[in-house]
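Paired with chain B in one complex and with chain C in the other, chain A is shared by the two complexes that follow.
Right, the complex of A and B next:
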């Protein structure tokens, strides 16, 4: 079906696949990628696609079932409608009902959001990825099926839609074609938040139908509550990791730094995304070194969940979201710390600082702070000494959506990076107008089937182009060091995978990493060369 | 759930070919899984890496961090990629019968 012909009501059309992405028609990339050709997406073997509905766009991340009988399908549709009814009542959705209703009620179909959406733009404007499309499907279902007399008047009230299993199954997939970056909400003249609508659709499917990406639920929050971390790191494994990190830090810097655990009544409980322990230990080491040299009274927690700031519930449902954030609050309260500092993890910033505020009540309402603010104080007030000449190479910065657009934390990290990196330059656009890394809302950890290819070529493509555009042609020469600072574990994982997919290490030698690594690299108390350019990239 | 069969070996694997039940692992399964990673023969160096991963996993329930793996086996990361072209996590861990890495790693 040609893209122009596709209308909202086609969501329920009987066809094997509603749209498909033609990788040869995706927008072109800048220098030195003008001739880059993406391979076609890998085929999903029959055994993997069996009993799954991938009829939206043939991309498989969230596993949506394809029941064999019509009766089963009808049952699922009824369950969906019942869930939707609950989603629209304050008793069942006290958390997000108000912003959800404002977003459902106030859209004027101006389509300003479409031009703001990297998914829509970089797919070559595939109609179903328009932020409005998904929201409109939901609005029409509500109007037609949950409004008195809705079915009779549907044709005249713009609620033209067929409610069948394909409609519902495709809506579930559509909720996982949005990184929840909320760039559409930033630009909407009416304040409509299509990202929130996508998230609430995910919630409905998870809580009412058990349809959810396994990386977020079974291998995410469930695993976190059972083992202590979404990575499966138990408190015992944690100690082994930290023993190694202390050794490693000594080898790299010559300094003996002891990482404090479970220190009662410390000023600061520092909480990291546990993915860093396994994939980017240098980030953990850098934090410890900065905090120790600055003489802060700080601690880490070795209690279950207390050492993993992750809360994937933010991306897909409220029950697990609450369970995890309550655990975080409990750990902080038990330790008696004065404040919690959230390290370089974007979604943890939002979950612990903003959303958690509605659950961390009374004596549990311990102040929480972004590490960007803590670091700004240390650097700008010269509590640690810096020699910016050590960072005299081109540096640009990616803004994690949850820290910048969602939280409004824009300038602290900029004041730091401008002070320590003489060749810092912004991406265009940046700050609250940034583009998502393309791995937001948990996409970066979805590594199966053909989804990674979609993630690299559609939402990730925008970020990759932005990274390339931040450097001159001369700077992009592989002989020159350059650095993309991405102060968020999830974004870092996505940028690592992007650089790998686009073969960017060999072609351009772009290094990526967090903010604290740059700080340590320039600290006069530490010997030169903290950032390793060649071994781990 | 997909079943992976090679020679006499028949095991259940996840979406990405990782063992569903890592406890069933043995040398024959390692050899069979290696073929899915483009490794036709496991040399002494392959085994050194596989056994290191396996031992760490049995002790701690997770894969070790890559930096530690390199340090303790003495293999630079480049060498790990030479041994297992799809890398330490996707390649070597799969052959060592570990489950798929989870979380923001």
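Right, the complex of A and C next:
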């Protein structure tokens, strides 16, 4: 079906696949990638696609079932409608009812949101990725099937949509074709939030039908609540990791730094995304080194969930979101800390600080702060000494959406990076108007089937282009050091994967990492060379 | 009482009730979780770059002084200049701005008709040759009326043309959207023609308004003006029943959601309302949820089957 012909009502059309992405038609990348050709997406093996509906775009990241009988399909449609009714009631959805109703009721369909969406743009404007398209499917179902007289007026109000399993199954997939970056909401003249609508659709499917991306639920929040971390690191394994990191820190810096944990009544409980423990231990080591040298009274936690700030509930439902964030509150309360400092993880910032603000109630309401602010205090007030010349290479910074657009934490990290990196330059646009890394809403951890290829070539494409554009042609020469600072674990993972996919280490030698690594690299108390340039990690 | 006059009363009543119902729907919706979106204009000294009070060390220990002046300034720019549309969708802005300004002027025109009617009932003449007050009301009515009708009519026509011609836009337009804009064009055109030909100084219309205000029997001012009154009455009744009354929702979208960065403090009213909400029963039925239990229970215990 050609893109021009596709209409919202086509969502329910009986066809094997509604759209397909032609990777040869994706927008071109800047220097030195003008000649880059993306390979076609890999085929999903029959065994993996069996009994699953991937009829939206052939991409598989959420296992939407494809029942064999019509009766089973009808049952699922009925369940969906039941869930939709709940989504629109105060009792079941007090958490987001007001913003949801406002966003559903008041879109004037001006399509301003479309031009703000990097996914829509970088897909080559595939119609189903238009922010309005997804929201309109939900609106039309509500209008036609849950509004009195809706069927009679459907033609007039534009709510002519077929309610069948294809419609519902594709809507579920559409909810996972948005990174929830909320850039569209920022430009909406009405204030309508298509990102919120996408999240609410995910919630409906998760809380009523149990349909959810496994990386977020079974391998995410469920594992975190049961084992202590979404990475599967148990409190016992954590001890070994602390030991390893102390040794590694000694090897890297020559300093003997102890990782304090479970220290009662400390001023600060520092909480990391546990992905750092496995993928980027140098980030955790850098925090420990900075906090120790600055003489802060701080601690880590080895309690279940207390050492993993991850909360994938933020991306797909409220109940798991609350369960995880309440565990974080419980740990902080038990330790008796004065404040919780959230380390470099964007969605953890939002879950613990913004969402947690109305969930950590009564005695659990312990103050929470962004590490960007804590670090700014240490650097700008010279509580640690810096030699910026050690960071005298081109540096740019990615802004995590959850920290900037959703929380307004923009300048502290900038003041730090400008002070420690003489060749810092911004991406365009940046700050509160940034582009998502393309790994938001849990995409960064979804590594199976053909989804990663889609993630790198469509939602991640804009960020990769932004990174390239932040450096001059001369600087992009592989012989020169350069660094992308991504002060968020999920964004960092996505940028790592992007650089890998686009072969950027060999082609341009762009290194990536967090903010604290740059700080330690410039600290005069530490021997030179904390950032390693000889390999991509 | 003529049917037309009854229709106007009914239209006004329906408009008032529908608008009130809409506002109440949002006003009474439960307290939601934080979901603000930056820039937030009342963030003093930070709004320009999209910053928040969360940028401060130990922010909870410092007084918050929201910049209400900047918030009002932002609102005014949004209401009177359509700042958001200007920045993000210029092709719509060039029609939407005159349309909205025209509507504001039309509201001013209706208000001036009412003011003039009340003054006339009080014995004060309204005309170009009356006393200062009468002259002022006369000219404001004329200026607001014609400018408002022309701007809103042309703006609606432009928006209609945009919706019909933009290939990206067309698949998302419902017939209702075309009708809504067409109704504005038609009402503006009929009213303009009616006034210019039969009542250029709005004298008859003010007389009709005076009858409405005094609940006395109105003398119908000729066929064309009667048609005009019927159309305006129907429009007043129709607007709140459609998305065209989005100004009500926009207030809540901005103040209750987008700019709502109120932190929760221990013992606050906000906290009390949240605790109350947690006592409701959960009806969600996915396997990991204990259906029937309270929110406060469900969020603390994981269901294991």
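Note that in this section the second predicted complex is superposed on the first by the 535 of 537 C-alpha atoms of A that agree within 3 Å, B and C clash if a C-alpha of one lies under 4 Å from a C-alpha of the other, contacts with A are read in each partner's own complex, and residues count from 1 in each chain.
In this text, a contact is a pair of C-beta atoms (placed from the backbone, for glycine too) under 8 Å apart; a residue touches a chain by one contact, two chains touch by 3 or more.
On a predicted model such as this, the values are computed, not experimentally measured, just so you know.
**Student:** After superposition on the shared chain, which partner residues are touched by A:310: those of chain B (first), chain C (second), both, or neither?
**Tutor:** first
**Student:** Considering only the touch criterion stated at the top, classify A:116 as touching first (chain B), second (chain C), both, or neither.
**Tutor:** second
**Student:** Thinking of the overlay built on chain A, is A:182 touched by chain B (first), by chain C (second), by both, or by neither?
**Tutor:** A:182: touches chain C, not chain B.
**Student:** If we overlay the two complexes on their shared chain A, which of chain B and chain C does A:104 touch? Say first, second, both or neither.
**Tutor:** In the superposition, A:104 touches no partner, neither chain B nor chain C.
**Student:** Using the superposition on chain A described above, determine whether A:279 touches chain B (first), chain C (second), both, or neither.
**Tutor:** first
**Student:** In the superposed model, does chain B or chain C contact more residues of chain A?
**Tutor:** In the superposed model, C touches more residues of chain A.
**Student:** With the two structures laid over each other on chain A, which partner does A:495 touch: chain B (first), chain C (second), both, or neither?
**Tutor:** Neither chain B nor chain C is touched by A:495.
**Student:** Going by the contact rule at the top, pick out the chain A residues touching chain B in the complex.
**Tutor:** 47-48, 215, 219-220, 223-224, 227, 229-234, 236-237, 240-241, 244, 248, 273-279, 281, 308, 310, 345, 444-445, 447-449, 489-490, 493, 535-536
**Student:** Using the touch rule from the top, collect the residues of chain A that touch chain C in their complex.
**Tutor:** 4, 6-8, 79, 82-83, 86, 90-92, 94-99, 101-103, 105-112, 114-116, 127, 132, 136, 155-159, 182, 185-193, 196, 206-210, 217, 222, 225-226, 318-320, 322-323, 326, 339, 353-355, 357-363, 365, 367, 369-370, 372-374, 376-377, 404-412, 431-433
**Student:** In their shared complex, at which residues does chain B touch chain A?
**Tutor:** Per the stated touch rule, the residues are 2, 15-16, 60-63, 65-68, 71, 76-77, 100-105.
**Student:** Which bits of chain C are touching chain A when the two form their complex?
**Tutor:** 25-26, 29-40, 43, 46, 49-61, 82, 84-85, 87-89, 92, 167-169, 171-177, 179, 243, 246, 249-250, 252-254, 256-258, 261, 263-266, 270-271, 274-275, 277, 280-289, 295, 298-300, 302
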